[in-house]
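Paired with chain B in one complex and with chain C in the other, chain A is shared by the two complexes that follow.
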Partner chain A sequence: MTDPRLWRILSYGILAFAVLVLIYLVLPTLVIVPLSFSSETFLSFPPPGFSLQWYDAFAQSLDYRIAILNSVKIGLPAALFATVFGTLAALALVRGHLPGRRLLSALMIAPLILPQIVLAIGLFPIMVKLGIIGSYAGILLGHTVLAMPLVFITVAAALKSYAPTYELAAMTLGANRWNTFRFVTLPMIKPGVIVGFIFAFAFSFDELILAIFLTNPATRTVPRLLWEHLNYQMTPVIAAATVVLLVITLSMLAIAAVYARTGARKPSGAAS
Partner chain B sequence: MNVHADLTPDHKVIAEKRGALVEFGGVTKTYGPVTALRPTSLRIEAGEFFAIIGPSGSGKSTLLGITAGFIVPSAGMIRIDGADIVAVPPYSRNFGMVFQNYALFPHMTVAENIGFPLRMRGVAKAEKAERVARALAMVRLEGLGDRRPSELSGGQQQRVALARAAVYDPLLLLMDEPLGALDKNLREEMQEEIKKFQKALGVTVIYVTHDQQEAAAMADRLAIMRNGRLEQIGSPRELYERPQNVFVAGFLGEASILPVTKTSPLAGGFAVAELAGGGNVEAVASTGVGEALCIRPECIVVGPDAEQTDNVFAAQVEEAVYANGSVRYRLRLDGSGHVVNARFSTRPDLVLMQPGQRTKVGWARRDGLLIEGRPET
Partner chain C sequence: MSLAMPERRLEKLSPSAARHRPWSPERGHALLLLPPLLLLVAFFVIPLADVVLQSFAGPGHPLTQYERIFTQSSTLQVLLYTFQTAATVTLCTLVLSYPVAFVVSRAKGNLLHLSLALILIPFWTSTVIRTYAWIVILQRRGVLNEMMLDWGWIERPLKLMSNGVGMQIAMIHIMLPFMVIPLLNTMRGIDGNLLRAAAVLGANPLRQFLSVYLPLSLPGVSAGSILVFISSLGFYITPALLGGQKTMVAVLIEQQASRLLDWPMASALATVLLVVTCLLFLLYERAMRFARGGKTVGEVS
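And now, the complex of A and B:
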């Protein structure tokens, strides 16, 4: 066991395995990229020739334009609401003295763990009853609920990364609760809030199941449109649209990663 | 901070008396079944430097937190210059507080940190800049205003925390182990600085520390705390020379504390006590009937001179430790087997005793104190 050669071989083996897992995770997602440049009129792999015609078709498509607009119209406010409520919940549950904080924290992230179809089936009749099925308000509510845990998790982690002494200090220095939040807490948790917002928006931008249940052809989002197209017209325009979606999502996650990094710089003398 | 600069005549009267008179009346804090602070009453004079020492978990930070306002007492009142402040939120109390880890805001520069309390008070920009500059000068950090706290040394951060807590001229400064994170030399230097600073401002200070020497060196009066209770309050000298119980005696310095079984009074405030395990001693009956005898190490005479004292015992040296011009002996008394500690300064020609050597120890009866409580071990 202590043979260094054996250890070397073992560590190479582990590295190779890790690389394989990564390839397995990423490669299927990337298969879509060559497909989108296909010269063929249906989805086939490998594509017979190169062309940009599907990106052109995508750019010309009124359906896609409306869907992208819808996705943004739903995603931005949903991310905003999720950020506000998720941050407030994290403040209450991490810094507050509520009884049953553990249980409440578990409830907060429940929507993330429960199958989305359950929530969708539950929301559908309620929204029908409220008369907001198919409207922006309906899908906005649904996405806010589902995106809130993402913000809750990132902000709670940011709050736990430093001792509450900073807030106590601010108060003794004359800052009331609002000023303490504005000038001390918020700047300290800012990376967590921004990363949470990006996650929330990326989530809404990609979400399909609730979109199927809660939107109608006028309010449908990009994922729903893609899904509908997949059902009856298998042209590479889907691939082109998917690649655009992929690029948008990946760049948002990259921004989030950069912010999470700057936030990871520990303040001096954090916890006591 | 700016006490002596640009005061108008009416301000001079206030400047005479900058510190607040602080009175605690039956202040108590319980957390469910845990009592963090037993009913505590205490009066701290205006301009006084008051230190609180005690072991970990004894309730020091709780008392300070209640004073600062971020811990709500379960009962009791706190009066500042006669007015009850229990219902006043921390941000309206106008006290300064220095935390052990300084709690400097990492996202603000040094100048922004010091300016923060002024900003919260709506002080105009120009005046703010001026007062921050003066505060920086006072703690000798001119030119470092644009740095981030993380770019400063521990001692510099400590100074910034002090400047920030004092820049708005609070009447009361609370410090919770402000020097705990510094090394010994820097700590001593900062002790002097804080003391000078306090004298210049005339501010009342409540200072919590683990370090008894620090407390004794800085405080006008100090309190020793245990299990949420103030065991004894007094000047550093009073507490050292006239401890009321075994805990206080053992906490300060390295007293010899011996158990006694029986005491009978003598004339003039003295008593005869029988040591557990045998032997009689004469001592001061300071707090009535006590169960323990306390003798300070510098009062114990070792060697032939001991024969001249009131209480003489034959003993064996167990340990001899030399440090910087003084020597400390651990001696075991014959018969009763109790251990006493002696300490005195040495001269270069003095021959030290070795462990195992036999000798005589003794002390004057006025140097032995009969105190309350049962010695440990």
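And now, the complex of A and C:
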């Protein structure tokens, strides 16, 4: 009754299906690349001719320059704060034995899961009351809260990847808490911290909804500028800007991947 | 910014204080939690509580806004459509992701790294950018319509951007990594020997899958499904750009808040979204605990 050939055909079918889905995952985004080199103003595909005019327009655009600068000005400190706070939370919740640890961990991850529109609606009046609506401080705080779970997750994973006996050993040998952290814990979790920082920065760099509510035209970030252009004027400048941003994001990912890999190797090397 | 002062003092205090007390490796960890907890309370818990409070404000009795939501057919329709879309997107991503996660979980070496990269690159590509790509593909004179016209499949360009079909296609695309990653995590933990044991005992591949593999992969299925469902419920960017006349609840909240300045209404809608999300998040947490403690399912009470 069971024909092995049938099962083999079926398994090839599953493989082919998976490959198709993987292509579907990546291909649509790549459509933008040829478009950014188009010689036409309209979104026409395939582009009738080759030109670099949209990259030129992108490079000349003051709006984009300010937005990129804003995104960096907001993203770097937000990622830094998120890294410090997220690491503290991970240390407390993974290494400590606090009551209600599960609930607190859920609270730490919650900002990532909750729809950002709800938080945006809640933060707006508070930022108005604090007088920091539209300022860098307002959006920076918002992004710190949203990016903290990413650091918390990566650092908590790093902490769980080795036994706390390393820290115990250091403390038995007379190291105080700070020295234990500085010379034992930090080197062990460093890849997790760095990957968390990169994730946090990439998150802030991409975040749109809080930016719509909490920034003004002077402090608007790249996603908000792209958003406004998408809503009001669709020129291939967006495509050029998008390709540049894509390259930036992918290179950050590559750096994160390299760190994650060296990190994954180190503790196992130290353990053996 | 006023928060920074006491936090720094705590950090300095904890190591020196620990030195004089009886030694214990866990001591002082509770203090480390204070700064992130304060930040979360100030800029996460309080804002959300404010949203809930605001929803009871405004003219009329406290529940006026909720009465409006559940009696006005237009808002009710948006809510229903949001749930329906989230369900459709979740189901489609699950069907598409399961075979992918299965194949990738068995891959090794460079093939594994390549397929992980293919999954993670879209995951980290801006949603604005990916939605823009879908506009380019789906609009009236977009890539898809032009291609199908050229090949003679259709006579006139299809309207894909005004009836919600395009939006759902794009959302499925954007949500796929959120489904594949939890599935992959679970599937990589499934012991291949169990399948072999089933085969030895005479189960054919279909039977092996249905009675061994599928039940073991269910924690990943539920975790991924809840994650995708939650994210789809609150989705703003793609519905706003590709939805056409079909609106989802996040878009409605934004419209009420920043265009109509009806803050109580926006807050009430946000509260509905918040409550639903919280309930689903609790489910997700439970599913993740199941997924992590796969071997000790029996011990989880």
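Here, the second predicted complex is superposed on the first by the 257 of 272 C-alpha atoms of A that agree within 3 Å, B and C clash if a C-alpha of one lies under 4 Å from a C-alpha of the other, contacts with A are read in each partner's own complex, and residues count from 1 in each chain.
Keep this in mind: a residue touches a chain if its C-beta (ideal position, glycine included) is under 8 Å from a C-beta of that chain, and two chains touch if they have at least 3 such contacts.
All values derive from a computational prediction rather than experimental measurement.
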Could you look at A:Ala169 and tell me whether it touches chain B, chain C, both or neither (first, second, both, neither)? first
Is A:Phe183 touching the first partner chain B, the second partner chain C, both, or neither of them? first
Tell me the contact category for A:Gln116 with respect to chain B and chain C: first, second, both or neither. second
Which partner does A:Phe213 reach: the first (chain B), the second (chain C), both, or neither? second
Chain A: partner with more touched residues, chain B or chain C: C
Just chain B (first), just chain C (second), both, or neither: which does A:Val21 touch? second
Of the two partner chains, chain B (first) and chain C (second), which one does A:Gly131 touch, if any: first, second, both, or neither? neither
Have a look at where A:Leu91 lands relative to chain B and chain C in the superposition and call it first, second, both or neither. second
Residues on chain A in contact with chain B in one complex and with chain C in the other? 168, 171, 176
Flag every residue of chain C that touches chain A in the complex, lowest number first. 1, 14-16, 18-19, 23, 25-26, 28-33, 35-37, 39-40, 43-44, 46-51, 54, 96-97, 99-100, 102-104, 115, 117-122, 124-137, 139, 141-143, 146, 173, 176-177, 204-205, 227, 230, 233-237, 241, 250, 253-254, 257-258, 263, 266-267, 270, 273-274, 277, 281, 284-285
Mind pulling up the chain A residues that touch chain B in the complex? 163, 165-166, 168-176, 179-180, 183-184, 187-188, 267-270, 272
Can you tell me which positions in chain B touch chain A when the two form their complex? 68-70, 89-97, 99-107, 116-117, 120-121, 149-150, 157, 164-165, 168, 174, 181
For the complex, give me every residue of chain A touching chain C. 2, 7, 10-11, 14-15, 17-18, 21-22, 24-26, 28-32, 35, 42-45, 84-86, 88-89, 91-93, 95-98, 102, 104, 106-108, 110-111, 113-119, 121-126, 137, 141-142, 144-145, 148, 152, 164, 167-168, 171, 176-178, 202, 205-206, 208-209, 212-213, 223, 226-227, 230-231, 234, 238-239, 242, 245-246, 249-250, 253, 257
